[in-house]
Every structure is written in C-alpha cells, then in structure tokens.
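These are the structures, in structure tokens.
Shared chain: subunit A. Partners: subunit B in the first complex, subunit C in the second.
== the complex of A and B ==
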C-alpha cells in the first residue's frame, strides 16, 4: 500500500510539473513543423541569469523587478496568416477549456486581445496573452509568480524614458 | 483432574494424544497457569494457534484488485515520465540559448504584455469617465 501511495504521489507531482504553460506547449507541438509561426521559449535558467544583471535605468529596474519571480516565457507569433481570426477563436475555446480565467478583453476593429490567468492560492501563476488581428496572431504565456502591477509599470517606465529623450532633443 | 492432565501429558510426549486431548491440555494450562516448563510450553502453543487480533495479508496473496491498482499506477507513472521527457525534448528545439537574445526577447515580450495591460486600463479609464459624465448629467437634470 505504501508503494502504491508513493507511486501515486510521483504521478501527481509529475503531472503538476507539466501543468504550467501546458496550453502553449500543446500549440508548440501542433505548430512544430509550420514555419509561418515563430516559436520562442525562454527557460527558467535564463530568468535566473537575468536576476544577476544590474539595472542601468529606471525602466530596466522595473523590468528586472518584474522578471525576478518569473520562471518561463513562451511565445508563438505569426505575422501573415490567412486564418488569424480562426486561430484566435480556436485559442479562446482552448483557453477556457483549459480552466484559465479571463482577466481582460479588448475588442477592436483592427485586432482583438485577451488576457487570461491561472491562479493558485491567490497568486497568479500563469498569464496568457492572446492577440488576433486580420493577419497576425500571438499567443504568449508567462509563468512563475506574476505581479501584474510590476508588469504594467514596465510600459509606463519605458514611456517616461521616451519622453525624457524627446525633451533632451528639443533642448 | 490433575491425574487426568498427567495422563494426557504422558500420552502427548509419547506422541499418542489426539487433537482433542491436546486441546484439553492447552486449555487447562491456559486456565491454570503455573511456572512449570510444561505449563509455559502449552500456553505458548495455545498462543501460537490463536489468530492475532490484527490480521495481515500475506504478501504472496495480494488481491487481484490491488494488483490492478499497482499496475495502473506504474503504467501511469511511466507514461507521465515519458511525456515529460518528450515534452522537454520538444521544448528544447525552441529554447533560446543566447542570454543576450533571451534578454531582448523577454524585454520586448514584457513590454508588449505591459502595454496590452495598460491599453486595457486606458479603456477602463475611458469607461469610468463616461460614467462620471453620466452622473454629472443626471445631477444637472435633477437641478
């Protein structure tokens, strides 16, 4: 009985280890041979290397703060595909089937965007960003311990930095 | 009674006692324990034959059901391990190995996520402005 229990524990642990980024992984597999889609994966080892970097500017500092607790990034991008809308709709169905919660949706004439999350004991452990335009498609998964505040600050810091540069030009 | 026990004991040691007579002997020493070696011998025999309160299953006699569970768990374990290994191999094909490139990609990706989140936020701000305008208009109408 003890052996059986140990085996079950191993199976469960192995199962949960594959759970993170599972949806994007299934897309990686499906689109493995399709060159119209660019597939990128940044491993947790890389993320641990980033934390050793020193920030040169405020924007970089925000960036490093945001990535400090991340464990992985996976992206699938296509710039010119005929079935972008179809892919977007299929991904939406897959996302809700996989148990992700919708965080935010922006529907536009040009493109649609949806953020979904997976939470565990009150903490966001995966953030999915899905973008579908007329011809482009993006599926992005960020996993680890995600702080939405820190991530949204990156963009703001970059904007401020851009404005600084502009003001210097006018000087 | 004691002569009967002596007689039974003699028969026992000669190997002539019947099963019921042996039972009688064991029962007697169980009820009348003494420090004599015979007494502890027969009590020991009695103990050995009484089934223990907590029963256990002989490992060789594992039930068919448990065997199935073990087999299923082992198969599931092997399958999961195989899938994890296969998955890791597939993922490896797309993994960025150059730290500089990985850093740039992550920076761009996070900037994209961030601006996406902020875009959503600006929509929400616009909505709240509409709400504010509506409340303002309502208040005006009431005046």
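== the complex of A and C ==
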C-alpha cells in the first residue's frame, strides 16, 4: 500500500513538472526544421548558475534569488512571415484551451501582445508572452517559480530578443 | 587492509577528478584540421584584445584559464562536425545550457561546473561564419551579456574577422 502511494506521488510530481512549458514545447516540435522561426531554449542549469554568484546589494540578491528559481526559458521568434496574424490567433486559442489565465493585453495598430500565466497554490509557475505583428511573431515561455517584480530586470539582464518586451508588465 | 582501502579510495577519487584539460581533447580531435583556424587565449592575451581597457573584461579574463576559438571555413562548415559537439560532450557529463535553432543563427552551449572551475563548449553559426569554442576557468556569468555587448561595440579587438 505504502509503495503504491509513493508511486502515485512520484507520478503526480513528474506530471506537474512536465506540464510546465508544455504549450511552447508543442510549438517547438511543430516548428522543428522550419528555419523561418528561431527557437531559443535556456535550461534550468543555466539559471541555477546564478545561485553561485555573490550579490553586491540587497536588490541584486533579490534579483539573483528570483533568477535561480527559474526552471527554463523557451522562445520562438519569426521576423518576417506572411501568416503572423494567423499564428497569433491560433496561439491565442491554444493558450485559452491549455488553461492559462490572461494577465495583461496590449493592442495597437502595429502589434498585439498578450501575457498569460499559469498559477499553482498562489504561485506563478509559468509566464507566457505572445506577440503578433504584421509580419512578426513571438511566443515566449518562462517557467519555474516566477516573481513578477523582477521580471523586467530578468529581461534586461539576459539581452535576448523578445525578452525586452517583458518590461511592459512592470509598466 | 585499511591501507589498501585508502589506496583504493584515493585511486577512485583521483579517477573522478578528471583534469579539466582533458575536456579540451574531444573538441580538438573533432575540429582541428586544415579547414579550421584555432585561436588560443590565456588571461594575458585576453587583456591584450581588450582595446578599450574595459575593467569588467580584465577582471573576467584574469579568472579564465584558457579560451579556444575554432573558426571553420566553408569546407569545414559543410562537413557539419561542429554539430557533433553536443552529443560528444553530453556523453562526458556536460549539461545543456542554451540552444538556438532556426532563423539566422544556430548555437549551442554546454557546460560542466566543478568545484572551482567551469568548462563551457559550444558553437555559434550565423549566415556566413561558424565558430566553435572551449572555455575553462572561473566564469562570471553576470558579466557575459556585457562582454558580448562590448564585443559588438568594438571594445574588444575582433581578431577573428579582421576585415
């Protein structure tokens, strides 16, 4: 009985861990081999390296702590595609179907942007950013334990295309 | 008997503490050829290419034991040997840090962190240039984005593509 319980716990924990980043992973698989899209993947190992750094101030310490709790980052970017609007609308539908909650939307003539989150026990475990322009498309997934206060700083520090748009959350 | 046990333990521990230099060989064996130009940098040579005397670069350079950059020509790029780096190093216990695929660039960064030093290997491939690299030392991760920016701004002499 005890063994069965342990096994069940392992299955549940493994299930919840793989659920993070599932939507963006499905896009990675779908777009594998398509060179019109750039796919960037940053592993948890990269983020864990920040725990080894010494902070110079309290703010820096808070930032490093926030970064070290991240488990991964995946970005899909296309700069010049003919079906950007179609991709954006499809992603909106997929995000809603996958149970993400909308956090914020920015709509203008040039581009639409939507931030969505997945929460568990009051903690944000995934942040999705979707950007759709006339010709460009970005889908970004940041997962792990996410602190929205530090999100724009993370975006600035990593200097990765697309991440700069995370500053919209703090605005 | 206890002497034998200690000797056995020592042999096992020494075996586990593979010298970092050993990780240089696989990338060299994979890439070194007439079609690949190899550049080796040490702290002193890294400071020399810091033409703007950027303090951040100097302090980072002093903690790096060795940096190898392999510049592949078109024949070497066509052979795609650099794409074998991830598999080769994963079999040595290296972990994936970053991958970029599709679009204008393709890149991979794999690393192994030991007590005091880290070893990084990977490649960067853009439209017409492909580089592979090996870095061993105490790498200050916080400074890497700034150093990449300094390189783009020309604060570091680009001796790899002098034109």
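Here is the rule we use: the second predicted complex is superposed on the first by the 123 of 171 C-alpha atoms of A that agree within 3 Å, B and C clash if a C-alpha of one lies under 4 Å from a C-alpha of the other, contacts with A are read in each partner's own complex, and residues count from 1 in each chain.
Here is the rule we use: a residue touches a chain if its C-beta (ideal position, glycine included) is under 8 Å from a C-beta of that chain, and two chains touch if they have at least 3 such contacts.
Computed from a predicted structure; not experimentally measured.
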Which of subunit B and subunit C A:39 touches, first, second, both or neither: both
Partner chain in contact with A:50 - subunit B first, subunit C second, else both or neither: both
Touching partner for A:117 - first (subunit B), second (subunit C), both, neither: neither
Partner chain(s) touched by A:31 [first = subunit B, second = subunit C, both, neither]: second
Which of subunit B and subunit C A:104 touches, first, second, both or neither: first
Touched partner set for A:81, first subunit B, second subunit C, both or neither: neither
First (subunit B), second (subunit C), both or neither touched by A:58: neither
Partner chain in contact with A:129 - subunit B first, subunit C second, else both or neither: first
Partner with the higher number of touched subunit A residues, subunit C or subunit B: B
Which superposed partner A:92 touches (first subunit B, second subunit C, both, neither): neither
Touching both subunit B and subunit C, residues of subunit A: 32, 39-43, 46, 49-50, 53, 158
Subunit A to subunit B touching residues, read off their complex: 1, 3-4, 7-8, 10-11, 14-15, 17-18, 25, 28-29, 32, 39-43, 46-47, 49-50, 53, 63, 66-67, 73-75, 104, 106, 113, 115, 127, 129, 131, 138, 140, 142, 148, 151-156, 158
Partner subunit C, residues of subunit A touching it in the complex: 31-43, 45-46, 49-50, 52-53, 77-79, 157-159
Of subunit B, residues touching subunit A in the complex: 66, 69-70, 73-74, 76-77, 80-81, 83-84, 87, 90-91, 93-96, 99, 102-103, 105-107, 109-121, 123
Complex contact set, residues of subunit C against subunit A: 95-105, 109, 111, 113, 118, 140-142, 145, 148-149
